[in-house]
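Naming follows writing order (A, B, C and D), and every chain is counted from residue 1.
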Amino acid sequence: MQDRTINQASMDPSRHPQTTSSNNSKTAELDPVLHSIGFEIEEVSPSQLTGRLPITTRCCQPFQVLHGGVSALVAEGLASMGAHMASGYRRVAGISLTINHFRSAAVGDLVLARAKPVHVGRSTQVWEVKLWKQPGNNNKAGHPQIISESRVTLLCNLPVPDNLKHAGDALQKYAEGSPKAATSSKL
Amino acid sequence: MQDRTINQASMDPSRHPQTTSSNNSKTAELDPVLHSIGFEIEEVSPSQLTGRLPITTRCCQPFQVLHGGVSALVAEGLASMGAHMASGYRRVAGISLTINHFRSAAVGDLVLARAKPVHVGRSTQVWEVKLWKQPGNNNKAGHPQIISESRVTLLCNLPVPDNLKHAGDALQKYAEGSPKAATSSKL
Amino acid sequence: MQDRTINQASMDPSRHPQTTSSNNSKTAELDPVLHSIGFEIEEVSPSQLTGRLPITTRCCQPFQVLHGGVSALVAEGLASMGAHMASGYRRVAGISLTINHFRSAAVGDLVLARAKPVHVGRSTQVWEVKLWKQPGNNNKAGHPQIISESRVTLLCNLPVPDNLKHAGDALQKYAEGSPKAATSSKL
Amino acid sequence: MQDRTINQASMDPSRHPQTTSSNNSKTAELDPVLHSIGFEIEEVSPSQLTGRLPITTRCCQPFQVLHGGVSALVAEGLASMGAHMASGYRRVAGISLTINHFRSAAVGDLVLARAKPVHVGRSTQVWEVKLWKQPGNNNKAGHPQIISESRVTLLCNLPVPDNLKHAGDALQKYAEGSPKAATSSKL
């Protein structure tokens, strides 16, 4: 099944050039765990985050396909950054994540990720994170194929303790656009 | 709230000695991604898997607490191994994971993990994975406190392709007990 | 937050006239439980199902707002019918459902529902079901507001027992369009 | 697979006599939607709720088995009541529910339900709800078999509007035991 919700433009390979050292250092600063498995953060804003994961053995399970837990790690990482921005840099805490896996990705594949807010409320936020694999050896479809989809729910009305006041500084440095205003929803 | 479902015996710190080189090499062989974030697999059997994760900056997000995605990674990794064993070493594929986060764990904490099957059917398996933090700096409760709980759903009736026939060999080497018989449930 | 994914056209109130007796009898035949809480099935096809739920005390909890379990009931009902059609009228079995609630709906509100396939594989299908409330007393936003979003996962390769061969007949009578071809995904 | 977590005593059929009119009126008062599908609430306390659902066509889908959405409805209903009590009768709002279905139940089966808190925090609660079918025509195992398991997450620090101050009165009338104290967890 072709995923009709893919924005072909935003998933255009020409917009995803080879690894850049600036994306690498940004990822190392924003989320060292994502960096350690080879993920590269690209766009960072309160309304969308994107990134790419070249599949290597660093992120595979023994059957040589992308570790399902790595997909969840990417989802939780991007959603946490997004919710932190969208809350106006308050402290956020992930309270649940659900991921559905649709297809595998194998060594050599290039996986693209995109996180978007589904709900930005006063107390909670819900983010959607989708992963696709680019056309290539394991994708003969001629277009990006979705490999997983997550929903991440976060509490977003937590005070930031004094000793962590600067923990969000790196994110503010890279964020594009202004924090999203809160919705009228009480949840 | 004290979690009454914790088996205090199995969570006894004396059963979780310092890092052993054998657990380290076992984890490197069974799940390199779990190994890379510092997780150490201990017990491996079709009815239970356990392990430990000393919290270091390698597995934390910028607020210096355990990255929620790492908890999901541990859950997916342990459940996949468990389902592979419980299916009699057929190929399994995780199709969904849901995790609830209850508490944070910080650098210096020791986190314990336990995976158990909730449902072993002909077509699907569901595994529960719980993480606790040991009493210490961030846990004054005098007993392990639960930090997250996952449900991992896997398809377990997939054929193993010829070129991957040996991918499960490492797991068979370490597995204790015999594979669990399939249930009467058709799901 | 305005939900940008709403297709305003398909949510146009003029396309949702007053209760019709034909929709009522269709719902009674297709899903008696949905019928009993006042839900009316409208469009029925392998690629989309829609319907409406006028909120009355029949579907509310004691705080006089839509019972969250009713939203889940609608999601499971529509997704099951959709997956049954999209599988070519094989037997399907829901294996999991996740719902996120965003807003409440109260007595007097009109709630619209739409189910769409997210993934149609050989072994499993995943459907998305969204509920909105129409502009009115409890929605001053001037456009439909999303109140919940579900993901329903179903096994879709189950044989239909002989004694149930006719259980899908009602659905075939009402279905628009032909069953969707299976995807190349093995999951 | 035998579910070892079932408390056989609490699932003893002798503790589940025929429908009583007091349970019927209690359910009608506490949750009219549950009442409408034939569910009977039994025990009601901040640490456990139980009930029973005799399977009739009122709660089945066209394949004549228990509608999966009804299982979710039971879970959301019991968890909401439980969280309302455990919060000290503050207003609670379900923000997500995940249910895994393991087995079917058919007309004539007796299904038992039990809800227990998994996490009672300052801001959120998570409840587990399990359903079993009693030994009988569709269960030859000689013990209750689990048919589904849910996790319900609720926000529990919401103020109760003045016009709804009495909405929880019915629950206080039937509740056994005192409200559970909040945990030290900030989530």
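Definition applied: a residue touches a chain if its C-beta (ideal position, glycine included) is under 8 Å from a C-beta of that chain, and two chains touch if they have at least 3 such contacts.
What you are looking at is a predicted structure, and each value in this text was computed from that prediction instead of being measured.
Comparing the CA-atom centres of all chains against that of chain C, the greatest distance is found for B.
Between chain B and chain D the centroid-to-centroid distance comes to 29 Å (mean Cα coordinates, whole Å). Averaged C-alpha coordinates put the centre of chain B at 35 Å from the centre of chain C. Between chain A and chain B the centroid-to-centroid distance comes to 24 Å (mean Cα coordinates, whole Å).
Residue positions of chain A touching 2 or more other chains: 93, 95-96, 98, 100-101, 153, 187.
If you draw each protein chain as a dot and join the dots that touch, every dot ends up joined to every other dot.
Interface residues of chain D, counted against chain C in their complex, comprise 30-34, 36-37, 57-64, 67-70, 72-77, 80, 91, 93-101, 104, 164, 167-168, 170-171. Of all residues in chain C, those touching chain A in their complex are 1, 3, 98, 100-103, 117-121, 126, 141, 146, 149, 151, 153, 180, 183-185, 187.
Considering their complex, residues 93, 95-96, 98, 123-124, 153, 155, 158, 186-187 of chain C touch chain B.
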